[in-house]
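Here come two complexes built around chain A, the first alongside chain B, the second alongside chain C.
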Partner chain A sequence: MTVALLFVFGYPVVRLIMMSFQRTSKGQEVFVGLTNYMALFQDEVFIRAVRNNLTLVLNVPIMVAAALLLAIFLFERIRGWKIYQTTLFLPYLLPIVVVGLIFSYIFQLSGVLNEALIAIGLPQLALDWLGSPKLALWTIMFVIIWKEVGLGVVLFLARLMSVEEELFDAARIDGASWWRIQWHITIPQLSTVIEFFTVISVITMLSWVFNYVYVMTAGGPGNSTMVTELYVYLQGFRYNQMNLAAAASVLILVITGILIFVQFRLRERAGEEETFA
Partner chain B sequence: MKPSDKLGRWVGRIVRQAVVILATLMSLFPVYFMVVSAFKTRGEYIANKWGLPTTPILDNFAIAFAGEKFLIRFANSTILTVGSVGISLIIACLAAYAFARMDFPGKRAIFNVLLSLMVVPPVVMLVPLFVSMVRLKLVNTYPGTILIYVGLLLPFSVYLMTNFFRTIPREIMEAAHIDGASSFGVFWRIMMPLSAPAVITLIVVNALWVWNELLIALVFMQKDELKTLMVGITALRSKHYVDIPVTMAGLFIATLPIVVLYMFGQKYFIRGLVSGAVK
Partner chain C sequence: MKRFLYALLVVTLCMLTTSPLTVQAAEPVKLVMWWWGEQEAPGAQKWLDETIQLYQEKHPNVTIEEVLQSTDSLIPSFQSAMAAQEGPDIQYFWGGVWTLEFAWGGGVAPIDDLIPADELAHYINNFERTFDGKIWGVPWYLSGNPFVYNPSLFEKAGLDPKKPLETWDALIDACGKLRAINVIPISGGLKDGWFGGWLYSILGRQPHDSEKDIMAAVIGKTKFTDPKHVEWWKRLAELRDAGCWNEDINSLDYQQGMDRFVQGQAAMIFGNDTFLKGWADTMGSWDNIGVMLVPKYADGKMASQYIVTAQGLGITSWSKHKQEAADFLMFMHTQDRLNAWFQYTGVLPADDRLDVSLIEQPQLKQIYEWATTIPGPNLENFIPSMMDEQANFAGTQLLFAGEKTPEELAQMTQDVIDKWASQNPEALENFTKWAQ
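Our next item is the complex of A and B:
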């Protein structure tokens, strides 16, 4: 197992860092210092990609809030909550590629959404959702939220189910309002799961959104939806700029590395009571 | 109880139900759209995008099956999924047994490294893995791509199995040892039969992941006859002329194995995700 892990994770990281400081010249790898990194920071497309990834992080608070609200409502055992749980989770399950393609037909200029908007008398809202550089990123953000909220709902609900009912009952008997119960009981009880979901989602927004962008816009129109992953893919496998792609990968690794460490500490803290046997 | 309280409670219930129903409709709409479109003719799709098909047809499925090497792509996805899920399962069970029930130097450190690898984005590994794979002549081969998937699946798999093995009481093992069973005997005759739920969880979660994966498949299976279903699907987008109902039928077929797998293992799937995240 260690061999497989080293092959897939260990050795590549070393290679990656070496490559990011090299350039190929006459078939030889030559050390060029920070040249690749300088080139990245001068590349408008890369800057755009980083900015877009950061914009995507704005999704996280929306996802946490929506998942929290839905999980609380389902936990209050509204009629049919089990069916709702299953259907709300469905998007998380579907392949991003399939979802992305379906949504690109929904959001087409002559797609089903715009037809509906025109039919209800709002033609001024029938926009080119994926074809306009101003809108495309926001449309993709909507699809990402649509797909990822279900995970939050399931995680939060699972945690809530294991909270002792008496806590809620006691608060209700004391006449606490709905808001006070959520604020003083539900959210503190969920805090570790909320932290976990938040960190995981930030990591997702920074480094797991390739599929969405590749399928729906391929970075366009005019690089307006470029993200760092797509940049690495294009530089490395379309334009044959492996060293530039390596440098960009190192930057992604550093940023997600910090987050992975945070996530790891949270996990450790959550498992503190459980001793490592 | 004051009448205003009663009214408030009633309004609260309605608001709750409305929010959840709205969210559910939004979750379902794209799936509904895909399914109904798959049964429409092109003419009907253009005239009637929202509604149910007036005269459902099955031709789209026949065309989708026949077109664009659909069956080959389907087979490729299946080979990669079965291969990588199977191999990672065997390795993960053996490793997890060691982590859960044996002592060896550096155990804790290795386990911690493993945990942090769970969320390393594959894109970071793409360039150096490609360079290595070219050198090993493993690009455009099933074993090469399966090897990468196995590596990416292992951290979560080992973590899940280790946690599960730890819940099996030591006394059972010790009793077997006293009766003269070897380490492997204990693993094979006692641990594995008790672990069926965890194994199912792992198979469902991992199979979904590999089936849906795009980036690795795109880079390491470039030859046309080796492309996976997901890679084949992305190619549809860039075409200027697309028969949307046929595409929808294709998407429907591509999604079906996942929905079936999920319905079969729903309980296990959710348990797997939750145990990976919450503990």
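Our next item is the complex of A and C:
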């Protein structure tokens, strides 16, 4: 069983790492040391892709904060909360390709959004959301938040519903303000889930955004929305440079691996602190 | 005597069961063909189904399975197949580098020994697939790039629909007249990138005499920053500044840009002749379509040529039935099949045996004349795909966004080609050999 597991999961990774240190010459794979990695770090497009992935990480605090606020409002049973809950989670269930296509139409220069802005007398805000290198990445970031925040809401709400109601009642009886309740009860109770959602979201921003970019901008205009996954795809399947693609994949794998490791460490530490407390 | 007759009978039976002819006739052969579908040539599916059926009737031991590939999966799927040395027997390829890169990678077999020379002589554009003295695929149908216009919109703008635009100044002037009647002069869509490559092939060619001039810059003999290579960026910027294009060109895909023309919102489009029949059907009549050569801004030999490439098919190096695959490809080029192809698709086959009396529309007659008398290469087929993607696709987007000047874009192209050369010494070697 262990051998089978190692083969199924380990072999592709080992093969990938091997490829990243090789180049094809006369039909043979030749060891070239760090050449592929050096080439990556000298490639402006790759650097741009890494920078864009890091920019996308800025989405994470926004997503966490938005999901937290929405979950708290829903937890307080505002009128129609069930409908809101479903509505907020719905985007998460939609295929990314569908979401990307819909927003591509909405954000065209002559699309629905700009037509609406012009109709309400705000033509100066009708911008080329996907056609401008200065705006395209931010537009994609908005779409990612729109789609991914629903998962956070559901996770937070599920955890909140399992918290003992007496905790909140006691705080209210003691005269705690709304903010104090959130700060001292809600957020501590949600800390593990927040941490989980944060790590998952960071991993998403670093290595799970290909579909958004591919459908909405294909990495353009002028590589302004290039991300590492798309870079890997282009190197491997358009430019016929599988070894460079492998090297870039290994880097993504390492960064993602480090994040997962950090998450485990944090959880372990949190567990230890709870034990001592 | 009895013993002799018995021995003779045994020998005869053995010969019957083991002779190559008998084995060939009886052995079941399955050919798998991966192809691009009818995106360029609506009607191609019906034609291929019929062709396969007719071939299988003639050759009962052969079955042919066709597998459709999308634009995005066409190359990746074959890459994977090539890596595994397992996959189709027949693969669809665009011309030039799109075929030869796979030949260099060991995924394609040469066809010279499989198809007789007198048969090959009828195929149009073999030069695109020729490397190292061998031909690495079979041209199937022609795909050219006319400058298409809407005669009625021309008339409304005070332009003579019977007199195509010939000079660059005439084109700029036409843009002004069409803008004056609120018509988009030329429509396009750059978001998915591909149209940037077309623009390079359509406009970048004019100062040059042949594809070898471009390949000389690819292999480092000349530079993409040389004035002749910068010129097309300047001309494209000139068209942009003259208001020739739809303002949303950067936020539309090519297909959406094309729709503007088909819907009658735009007067001109850098099109593809394989689309013409479909456009005429959608627009209601061939009268809504006029074709012209791209107005000239330079005096290179390629400025007066009609861009045409042959989309084709190759036989994979790992196929166990190379000859059978070649026989099927030759069957596709029999006159009955060539004529049927044109009748079903309205697209010209890459073979000089088409019955030209079948071409009725004046626009297609004109294109056939251009394709056979002044053919010129599609430059995208003679540059590395990295240059197309990172310089042409990205550069045209940046130009229309107003982010870079023509000179900066020429430098960007040179930087990309330098990067490509350093990352791909072997491909550079092949290109150098090819360029000679």
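FYI, the second predicted complex is superposed on the first by the 254 of 277 C-alpha atoms of A that agree within 3 Å, B and C clash if a C-alpha of one lies under 4 Å from a C-alpha of the other, contacts with A are read in each partner's own complex, and residues count from 1 in each chain.
In this section, contacts are C-beta pairs under 8 Å (C-beta built on N, C-alpha and C of every residue); 3 or more make two chains touch, one makes a residue touch a chain.
Fair warning: this is a prediction, and the values are worked out from it, not measured in the lab.
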Partner chain(s) touched by A:25 [first = chain B, second = chain C, both, neither]: second
When both partners are placed on the shared chain, which of chain B and chain C touches more of chain A: B
Partner chain in contact with A:128 - chain B first, chain C second, else both or neither: second
Partner chain in contact with A:94 - chain B first, chain C second, else both or neither: first
Contacts on chain A seen with chain B and repeated with chain C across the two complexes: 104, 111, 218, 233, 236-237, 242
Chain A-facing residues of chain B, complex: 12-13, 16-17, 19-20, 23-24, 26-28, 30-31, 33-34, 37, 49-50, 91-92, 94-95, 100, 108, 110-112, 114-117, 119-121, 123-132, 147-148, 150-152, 154-155, 158, 166, 208, 211-212, 214-215, 218-219, 230, 233-234, 236-238, 244, 247-248, 251, 254-255, 258-259, 262, 266, 270, 273-274, 277-279
Of all residues in chain C, those that touch chain A in their complex: 75-76, 79, 83, 101, 105-106, 190-193, 247-252, 384-386, 389-390, 393-395, 397-398, 400-401, 403-404, 415, 419-420, 422-424, 426-427
Chain A residues touching chain B - in the complex, by the definition given at the top: 1-2, 4-5, 7-9, 11-13, 15-16, 19, 66, 69-70, 73-74, 76, 78-79, 81, 84, 86-91, 93-99, 101-106, 111-112, 115-116, 146, 150-151, 154-155, 158-159, 178, 192-193, 196-197, 200, 203, 207-208, 210-211, 214-216, 218, 228-229, 232-233, 236-237, 242, 245-246, 249, 252-253, 256, 260-261, 263-264, 267, 270-271, 274, 276-277
Complex contact set, residues of chain A against chain C: 24-27, 39, 42-45, 104, 107-111, 128-133, 217-218, 220-223, 233-234, 236-242, 244
